[in-house]
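Written out below as structure tokens is the structure these notes cover.
Labels for the chains are A, B, C, D, E and F, by order of writing; each one numbers its residues from 1.
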Amino acid sequence: MTKKHKVMALDAGPPDRLEAEIAEYFRKCEEKLGFVPNVFRAYAFDNAKLKAFILMADNLMLGDSGLSKTEREMIAVAVSAINHCHYCLTSHGAALRQRGKDPELGEVIAQNYRAAGLDRRQKAMLDFAAKLTEAPDKIEEADREALRKAGFSDRDICDIAAVVSFYNMSNRMAAAADMRPNTEYHYWVRERSEEAASPALKRLPARAPVTTASASPRRRSARGD
Amino acid sequence: MTKKHKVMALDAGPPDRLEAEIAEYFRKCEEKLGFVPNVFRAYAFDNAKLKAFILMADNLMLGDSGLSKTEREMIAVAVSAINHCHYCLTSHGAALRQRGKDPELGEVIAQNYRAAGLDRRQKAMLDFAAKLTEAPDKIEEADREALRKAGFSDRDICDIAAVVSFYNMSNRMAAAADMRPNTEYHYWVRERSEEAASPALKRLPARAPVTTASASPRRRSARGD
Amino acid sequence: MTKKHKVMALDAGPPDRLEAEIAEYFRKCEEKLGFVPNVFRAYAFDNAKLKAFILMADNLMLGDSGLSKTEREMIAVAVSAINHCHYCLTSHGAALRQRGKDPELGEVIAQNYRAAGLDRRQKAMLDFAAKLTEAPDKIEEADREALRKAGFSDRDICDIAAVVSFYNMSNRMAAAADMRPNTEYHYWVRERSEEAASPALKRLPARAPVTTASASPRRRSARGD
Amino acid sequence: MTKKHKVMALDAGPPDRLEAEIAEYFRKCEEKLGFVPNVFRAYAFDNAKLKAFILMADNLMLGDSGLSKTEREMIAVAVSAINHCHYCLTSHGAALRQRGKDPELGEVIAQNYRAAGLDRRQKAMLDFAAKLTEAPDKIEEADREALRKAGFSDRDICDIAAVVSFYNMSNRMAAAADMRPNTEYHYWVRERSEEAASPALKRLPARAPVTTASASPRRRSARGD
Amino acid sequence: MTKKHKVMALDAGPPDRLEAEIAEYFRKCEEKLGFVPNVFRAYAFDNAKLKAFILMADNLMLGDSGLSKTEREMIAVAVSAINHCHYCLTSHGAALRQRGKDPELGEVIAQNYRAAGLDRRQKAMLDFAAKLTEAPDKIEEADREALRKAGFSDRDICDIAAVVSFYNMSNRMAAAADMRPNTEYHYWVRERSEEAASPALKRLPARAPVTTASASPRRRSARGD
Amino acid sequence: MTKKHKVMALDAGPPDRLEAEIAEYFRKCEEKLGFVPNVFRAYAFDNAKLKAFILMADNLMLGDSGLSKTEREMIAVAVSAINHCHYCLTSHGAALRQRGKDPELGEVIAQNYRAAGLDRRQKAMLDFAAKLTEAPDKIEEADREALRKAGFSDRDICDIAAVVSFYNMSNRMAAAADMRPNTEYHYWVRERSEEAASPALKRLPARAPVTTASASPRRRSARGD
């Protein structure tokens, strides 16, 4: 593989002088993940854009929700699979393997969620994600109703829609810029899950940030996980 | 037409208690647009989501950029046309008619930008927007190179990509929720442009915010417009 | 917007010497619409082609039918939206705003009929139109049956099919020739419908021809409208 | 094969009383083709629709044009192949085998024109036909220019566009109604072309109408054929 | 039609020295079909590839199966119609006309199986074939279940899947190489079926080989045919 | 993840009594891979089908060719990514990581080969693979010529086409049957390549078969690898 060392194919200029808040955020990433995700470095030419992106990503993936964090990562990965997004499949594939504590689940969702043997709730969730990604103009009341029948509240549907939509944005941003993921992600949580439990815990801090887009430790999901 | 009076098809719960900052933002919208855009009301169940959305939208559409504000609205509308997004075609169609001071241009971009007789720069910009919307997985260096040849800097390309990506998110959020635009938008800047100059100015305040997603008056585009 | 003043991008030669019947038809257009629709001028190089086109268009859009004239315009606009046809969205968008006496309805059908909150009959009609436009090879008896269940007779289905098919022809003819609509259409019936009632009537002659493709006043729809 | 004996799947009511002009046209069809094409019988419930259809079809396929009649049949068949139209592939496939005096050419165009080893002119013509059929919204000046470079005049391009557009209409009409071709077409001009010359001439009258949509003998193509 | 005399557009080198087993197979083809199918000549540069192809094709199309040989040819032709494969539509179209003893059935399947008026079993079979061809990633348990409900065993479903999959391979091989069918196929079984019975028998040897890909006479279908 | 323990979703009956040749082949798989690939078990109900499949797969992936074995695995994985095939992405993803001695390359090709920074030869090879997979009917001489310009001989193009075509078959077979890969594949060659060199060699036998579809050690590629 011809190595590409830059963060992205666009030269957006030198990094902005990091605001204190962002600098502290980056420090936490280094501490917890061992690196600053390249998507943040890609945005580093402009603090305002970077902050807006982090704020939205953290809220969606780590904020309170009727969806578990694992489910939100499942959506991120399923959408990115449809859009064939190298950056997001690598980073969120890693996050999903870690969240789900299951390397095989992470991989099958990155390939084709229909082969994952999901339960009815999660299958309905990803069916909606696939249709909203591929044909947003054809979403109808029947599609929302199918989610309600699978047990989701209207507020949950908002959250599903928001995550699907966010990765349809991120996938395109990464594609446009040929954004390159940190190589560390490729190697996260690749051991069989029985064994993975301890090395993963060892390798990551106890209050592991768990999302690729955030190092903020204080959020929690209403669903637990 | 069967009237639909709600803001969206999902009942995400009662509005959050507006933070002072948001409340002030809404007040400015009322003052300048005559209404609060429904997209904000749709997000009103959660201040954090609302703030993140406003922050990103304002930065993209009103912040400094090598793209004029009209060009950014052209991208918003061209992407929304491909995705057949009722909400965004209505609100950003209105914004583009106003920005461009040309009701016909706003309409043709909402129909098919290829029929607009655009100059080379703007044609290249929207060709990229169309490909990134329809087939993000097929973007290659040649696509970025085509933009550079049309006169865009790498920083400009970041901005084009960001606006395209943002509306691929917003279009899907609107589709998922069946979000309904404020009816006022339908009637903005519909007079022939020669005549429109004065009534439009009269109808809107002098420092008109001009974008559908922001009431913040203080930003300016590097390109002017 | 770079202005384009010609009727189309193809130079098909000088206009044929108008036959008396056509000349009279054009005169009526001028009298009633204030202009001769550009689609007729585009065909003016050949009287035979022009007559065949007018004959078919008038029969479909103004002849007796179980479909109201507004419904036929809804089909014209919904098909043209899928095909992103600048000419037909402009001219039939105008006709639909006028027929339906509702500027908002005209616009939402031109964007995405699924967002229009249509009743079951009209929703079924446009669902069929969309499928016949996008995937004619996949139409099956079940599709015809869905129309029958929504209350359409077989004769009505013939009419729906004929209008859908006709605009799949016209959209392509306009795209191939880059046909440009008369600018007047952009400004038709843009006032809020409550107010629109009288100015529209004032602006147009009492026996307004109402279709973009015909000036013939004597036809009537079996359904009224 | 389960036999289907009706002309179409829709019951549009009893045939209209044939006007004298139409009755004479049908008589000529019987005389020259040995049958009245089912598409005419399908429209027979309404003389006005039938006349408009015949007028347009005859003008396009048999009128003066820079395209040979064989080329026009090639377009009809290539478009119908993309749309998988049983009726038109059967009837115009037969017409093309006869026009081109080459059963193999008729068949390969009905399968995939790209496999036909066409010369540059006809390849360019069918490439345009394919794009206009599949993605009319993406036709641009470059597509017209490619036809000009292949030797077509703007008037010729009008004719190409008109034939492509007409069969995009006809294919959909046939699909919507499940129109069934006369079985005779299946057996037309199936002998190897060397031998076919004489039996074909014997089987058909000297001034053979040669198109499926017309029995009118008096038109001629400017290109001969 | 510009004649193309070569077997394919790729020059893969001189034919391998035929192994005795292959030479005998070719001899049988000559005896029974009157020619060696070009697909075999295309592979003749490598005995190993040729043998593997023949082995798989013969097993699928002539081996024991719950599907009749005619049904397997129906699948071959329906898949090739979706992929617009000139080679396979010509050769398997001929085989299907012969197997089904019905020139019209062979032709309608090559055009659009949905127009063939098939019974429920065969319609379900080809619906599955179409979906597996067009969107293999979207096949779900419900698709297999639909086949079971139409009367197919799981073993039958394996056979349907195998034939669909095989022609998705063959169609692509033929497209990549621009493979050209033997012209004889065009003329097979073109007479009306009532009359065809005897001439077809006369023109072909008594123990007609029946498949385009095999001359092996000893296999039989469990279903008869 | 809901575990699915069966080899596929279809019950094709009990395994055939393995022929000696196949039994020996399975024994070698066990010895070298540590397991018999599930695709072979899926076919085990019929020795003839199994042998034909193995013969073709081994010839394509391990036989002499101008393409290296790594390149053939790249094609297998790139095609399977487009078709979102869980089975083949898992098994050939593993094979590609091993062949290429590069876990990251294996993963990026399974996501989107356009992000892999490939050299011109391999990029051209996979561009052809993508087009042949997505739109076989649109392959033209220009596509073959692009491969020749990238340095491929006509014989190489045959091999590229054959591998692309084979995985378009296998992907569909796996999708139709919901075939499930051996879990071992998920864990192959996941260490960083610098370190991977020795553990991989240790974990696998010296003459490692390296392909998922074969245990035959004696073939070699003309290109080495």
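Operating definition for what follows: a residue touches a chain if its C-beta (ideal position, glycine included) is under 8 Å from a C-beta of that chain, and two chains touch if they have at least 3 such contacts.
Computed from a predicted structure; not experimentally measured.
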Work out which chains are contact partners of both chain A and chain B.
C, F
Counting one step for each move to a touching chain, how far apart are chain C and chain D?
1
By Cα centroid distance, the chain farthest from chain A is D
Looking only at residue numbers at the chain E/chain F interface, is the share used by both copies over half or under half? Answer same or different.
same
Pick the pair from A-F, D-E or C-D whose contact list overlaps the A-B contact list by over half.
C-D
From chain F, which chain is the farthest off, judged by mean CA positions?
C
Could you grab the centroid distance between chain D and chain F? Build each centroid from C-alpha atoms only and quote it in angstrom.
46
Report the inter-centroid distance (CA atoms only) between chain B and chain E in whole Å.
54
Name the residues of chain E that each touch 2 or more other chains.
84-85, 112, 137, 139, 178
Using the contact rule from the top, write out all pairs of chains that touch.
A-B, A-C, A-E, A-F, B-C, B-D, B-F, C-D, C-E, D-E, D-F, E-F
Sort out for me which residues of chain A touch chain F in the complex.
1-4, 81, 84-87, 89-90, 100, 102-105, 107-108, 110-112, 115-119, 178, 180, 183, 186-187, 190-192
Per the touch rule, the chain A residues reaching chain B in their complex are 9-13, 45, 48-49, 51-53, 55-56, 59, 63, 83-85, 128, 132-133, 136-137, 139, 141, 144, 154-155, 157-158, 160-162, 164-166, 168-173, 175-178
In their complex, what parts of chain C are in touch with chain A?
112, 114
Which residues of chain D touch chain B in their complex?
137-140
